[in-house]
């Protein structure tokens, strides 16, 4: 299996609901350094999984509505704890949609799996990996 | 599949037995930067794999008996080469036990797999990944 | 000149005032990975700049009032833009105070300079370096 | 499953054919930091996956014919785009051959899978993972 | 002294003249991860050294004529070995010019020093630091 | 001022004397990732500070007597605490000697300063910087 992975980042505010979270129940924030890996069984005729430039663009477009925002105020996250693992899945769904819609350019149609990793500090990170689906 | 990974480290002395190890047969040592990843199929009602704070605590408790020690003198390692890969498995077993015993807090009961990675330098690392089991 | 540097981190929310900041005028947040370097001309009789353990404790105590907070609501920052470089200086002043007060333990009395570096993402960081003073 | 991973690097020139590549159709170059991971179900009697020293030597021998070269001029790559993912597979085949031939020393005979990761910058990387085969 | 540092990268081909360089006399290439640090005695009224966004833009504009190029063919480098340290100075001159011309936006006029670091691999890097001048 | 920096590592055992060190008074160990930076006012006629290959060789020769050793048993360290900062100075003296003796090759004669950084974990490091002298 081949993979290509690209990196970008967002800087957001949010808070968590539930005693599990202790001091993180207060409004705080995070830089998430975001890695998105695209898996493909075979390379395209050009010799790539997907074009790295288009992958970077698709990731930037996915992150733009979240960057520099207070996630507590975004309607798509109402009633949800926007934990690192939850956001990994959220970004995964958007990137899987980009693969299905052709936004990744040539090669995107054959992407079998995607893994989205969010680094929240030098000592903690989370990820979600799943099939792109039809 | 979701995952959360936390990082800590230990500083230990040890030596290896067998001509395979060349100069590492002498007493030397290592800093191991330790990453432990917890895999779970679905998030808990709080939206997490496990609480990152409790995961850090469980890792620190697991590493404490090894930290600042000469591993050659610890009875649990008698007759063993405490290689990077051997220690990855040793820490895996302790972390899997922590998951089964509830030490990870809510979410720990559903952790399906664990991967323990030990970075021994900027050019070498090892890991063990396995199912948590019953 | 000798130096010892220790690392910790904080996760905070804040916003900036002024058109220079564009979208960062909205409430957002950051993880700051914080490095504090202590400079000393000569080592102590024990052979250290300062004890790394005490340095970590002093840094944690300095960061605790900021961690998991919305900096816009803290009275000590009223009327200020809590930029990465501003916070580097703020943490520098606290660490210099720790050196002067003896909180760093043996060696702390001879720390001549301190540098505080805040990494805000994989592509941007800021720091402040200055003399500890009397 | 156990794994051991070692790191080295190459510095090469090349160009790509096809409009997909935009400005990368011109002659340019890259530093590839190369990680090779060896996977094995059980440790050897010595307690290793493979000897890290021999793994480093086998990787260096594999990279030597590529290092400081213009890949466009190497006959083995004629008619191919030497993309990061293509080179990951190329190095995988050489390392799998090293495992089969005994060049990894004791343990190499039981290596089940190999993953080769090429980091091309701080924001992009690619890898190929496959079975070693008979 | 305050500093802000931003990161970008280029991928180039080149060769070196002189027996000192051994195999690097052949046409090869490199990824240079480029860090540019701006030093300023005091913060601006906005609380910054320079705006990080504008600093990133100025760096990207400086790197654009080099990126994806064979440096051996660029007239500005005729008769020069484009070593990592030489390129650090070249990019320093361009960034110092950006500071003097106002391209960094508010704060740029007070930048006293600039340091440009080029990382050529995980085991080697070079930098040039100097005064911005009048 | 120009600089070139190269990286290598050692894996050693040692213990510390004095209550300041707490549990580190017991025999333990460390991986030290070692960076050595060479500073020079002007580049040589070849366009370098020093040759990176020779710098790597000189560093490896300096580290060889320490690597895979118990530092408590080495006569040159008798009665000393081989702390991270102490070892930074020890390696500095050896590298300064290499510069003065010509072991760095062309350019080495003009190296004005050297800085040696030892990374002992992902959260702690130390360094010594000084003039090479006559």
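Per-chain residue numbering starts at 1, and chain names A, B, C, D, E and F are given in the order in which the chains are listed.
Here is the rule we go by: a contact is a pair of C-beta atoms (placed from the backbone, for glycine too) under 8 Å apart; a residue touches a chain by one contact, two chains touch by 3 or more.
What you see is a predicted model; the values in this text were computed from it and never measured.
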Among the chains, which is located farthest from subunit C on the basis of C-alpha centroids? D
Max Cα-centre separation from subunit F goes to chain A
Looking at where subunit B touches subunit D, is over half of the residue numbers used by both copies, so same, or under half, so different? different
Please tell me whether D-E or E-F has the greater number of C-beta pairs in contact. D-E
Express in whole angstrom the distance between the two chain centres, defined as the mean CA positions of subunit B and subunit F. 30
Indicate the whole-number Å distance between the mean C-alpha point of subunit C and the mean C-alpha point of subunit E. 27
Cα centroid separation, subunit C vs subunit D, in Å, comes to 41
Hunt down the residues of subunit D that sit against at least two other chains at once, touch-wise. 7, 122-123
For subunit E, which residues are in contact with subunit C within the complex? 1-8, 43, 46-49, 51-53, 56, 105-106
Touching residues on subunit F, where the partner in the complex is subunit B: 7, 9, 11-14, 23-24, 26-33, 67-70, 120-123
Under the touch definition given earlier, write down the residues of subunit B that touch subunit D in their complex. 16, 18, 20-22, 80-86, 88-89, 122-130
